[in-house]
């Protein structure tokens, strides 16, 4: 999964360096908040650990071996931000000191493995492990799946980066200038190897290590906050006072509000989405032409398909076409629909939560 | 320091300990592994803070809060130095030169002063030829010398040495002992934690014996070393069977540089 | 697979990594061309040439840079034989194999046809394959020569003076320093397990052993990092990173930098 120099075009390299740099910057800030002065020795030694783990030949079912990256265990023990830094540093050492792996592609490699990998591993692990006990088998399974999914997510992003090269970067005669395989070749080619070997290796290491830690050092599974409390003096850094600014509900609501404001952009989309035609569209000669050209130049059937005709009378929407009848401006119609839709979802989830609480005997966390 | 206690993860490592140390003292903390020597040295170096009791250095109490102040901290770190038992832990810079320069750099000396002082120290410790070497290419003896150099560069008043001669070959061991002997009669206070009885007489004028986190005895080297009952209790000597003059017998003894003579 | 071969492979990997490091320390002390230049010039110059390699669109231009790279290697006392073994054959074995299908599946005008397999090689396919392999070889040669001819600490200091944040540089330095310690620890653990294995281990047992070794390594790593932290505190660390910068540019450094940039620029211009 390490992309060498020469497979990605300069603009691809630059773009992913930019993405990676944003990730590194955010991760460094976050890690300093969480760990203060401990960050440097902890992340450094953990990066060295990841580097060494990457060298392990992991025996796999079937008698073969594979290599793990360590992103699973890094995300579990250090959290996603610490993992981004540790894996990135390990990759940088590989490239800069041992000459394994490209330097123009370091940004892309870090994005694929350190950033996408860490977030995926962390999210999947938290989702499956949920609030189970630190020593439960659920955590081991969660680690295995998290590692597997993370590696394959990284592989997928890598495959996409490689697969778009011929399409975007070729010379006048059509020769691909960098990675020569288009998406429909690159994706299967990469995924086969990772769905089978690399993903399994990561799963084996992640699960095996969580299992070991459950017996030998349970505290390490408590995450990065536990590590910040190891014995030894702590220097209060300037930013240690602010609590880490999590994705608080308030900020999420602001994000939703902003998204709602952008909904009128939908008006710009010309024509009707493919497959979303009403029975009226089938009869209108203008839209029939549109259907034809959008469907590989096949002429549409001359009458409305029977199934569509039957079903179109089953339900009449209150706001057809996102345009409530009483609203004149189409833009405002979109906005109103958005607010109504969001409000409806909030109401539904509140009712669902109430229902869940009313049934005692269900696992209600903690 | 008076009546300090220190707990680590609910296991009391030090219990109700009181020590009084004067400037210029050369002290040995004698104890087997696990007796709390390392923990005590770290408390003295303001790396761990006791859960009960007080530690004072020249009248100032060493508390976590006090160490947050830049001025106090920099002053303290320069005057009190700890040499760790595991030199790999102390050699965290890329080269030997960088390692010895670390202390002065943290204290914000000028570039010229740093370079000059580092070169002096490397010469004194006879490791100038190692200046650009990476730590992973050093032998254990060389690592210990670099570790010593890295603290001596600041000319500290108090030296805390954690097992300075453990795992060393006899030649390196004697070099370290010579160094400690040099400081006899100077204003330097040296506190050495060790379990090696054979060096105690050379490196200390006063001995504290530790066992399970408490001081069980205090005295001069000759007093302590002749008290075999005490040494046995503190797990510092053993009594396995051995032979002299063809006679097999067993009695408490330790393997040191002076052969033990006794009547049969 | 024999019960030991996965252990052997891992142990061999460790040995290779350590010998690479030692080889680098040795080469960096040689009085060659690259070694005469300021590390910052070396880093910028080589990086610049690598960027030129990926900017070029023509095979001839990339080949020219490859020749320049080989010339730099030769004049910097880097053995071409070791380059061949360490870089050229490895790249051929990896990217060469990857590029092979491109000969057949890249659409375009047919160059030759394999009658038995009904496969035709296209001109575009050949060009794409050659472009790719040549790029990878040239870039790898350049970076390997840089790494061999420059002490790691100098690379770090060059990166620092090129405005990489101090914390990142310190972390790179510390990681590198402890990589070898951890390799040694892992090496010992695997060696001892190798000798203790009696009879053939089942697949599951082998996996468990590998994971357990990794687990022990992790515990030791965390403990090591906590001790290192105390050691840093003890020597006055308070969160800021202070490094000693001591590079000065001489006349030949400016000349060298100009030569690098000129070569790279020329290649890109001619290969556009």
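General observations
To keep things simple, chains are lettered A, B and C as they appear, and every chain counts its residues starting from 1.
The working rule: a contact is a pair of C-beta atoms (placed from the backbone, for glycine too) under 8 Å apart; a residue touches a chain by one contact, two chains touch by 3 or more.
No experiment lies behind these values; they were computed from the predicted model shown.
Annotation of chain A and chain B: jointly contacted by C, touch as defined at the top. Closest chain to the protein centre (all Cα atoms averaged), using per-chain Cα means: C. In this assembly, B is the chain whose CA centroid lies farthest from the centroid of chain A. Look at where the CA atoms of chain A average out and do the same for chain B: the two points lie 51 Å apart.
Centres computed as Cα averages put chain B at a distance of 42 Å from chain C.
Chain geometry summary: the mean Cα position of chain A and that of chain C are 29 Å apart. Multi-chain contact residues of chain B (touching two or more other chains) are listed as 47, 92. Looking at chain A, one finds that residues 41, 231-233, 235 touch two or more other chains. Residues of chain C in contact with two or more other chains: 152, 174, 176, 178, 181, 224, 228, 230, 232-233, 237-238. On chain C, the positions that touch chain B within their shared complex are 25, 151-153, 156, 173-174, 176-178, 180-181, 184, 224, 227-228, 230-238, 242-244, 246. Those residues of chain B that touch chain C in the shared complex are 42, 45, 47, 70, 73-74, 77-78, 81-82, 84, 86, 88-95, 98, 101-103, 105-108, 111, 114-115, 132, 134-137, 150-151. On the side of chain C, the complex with chain A involves touching residues 1, 6-7, 9-10, 13-14, 17, 20-21, 24, 47, 50-51, 53-55, 57, 86-87, 91, 94-95, 99, 101-102, 105-108, 123-125, 127-129, 131-132, 134-136, 138-140, 143-144, 147, 152, 155, 165, 167-168, 170-172, 174-176, 178-179, 181-183, 186, 203, 206-208, 210-219, 221-222, 224-226, 228-230, 232-233, 237-239, 241.
Note for the complex: chain A touches chain C at residues 4-10, 13, 24, 28, 36-49, 51-53, 55-61, 63-65, 73, 77, 85, 89-90, 92-93, 95-99, 102-104, 166, 171, 173-181, 185, 204-205, 207-209, 211-213, 216-217, 220, 227, 230-233, 235, 237.
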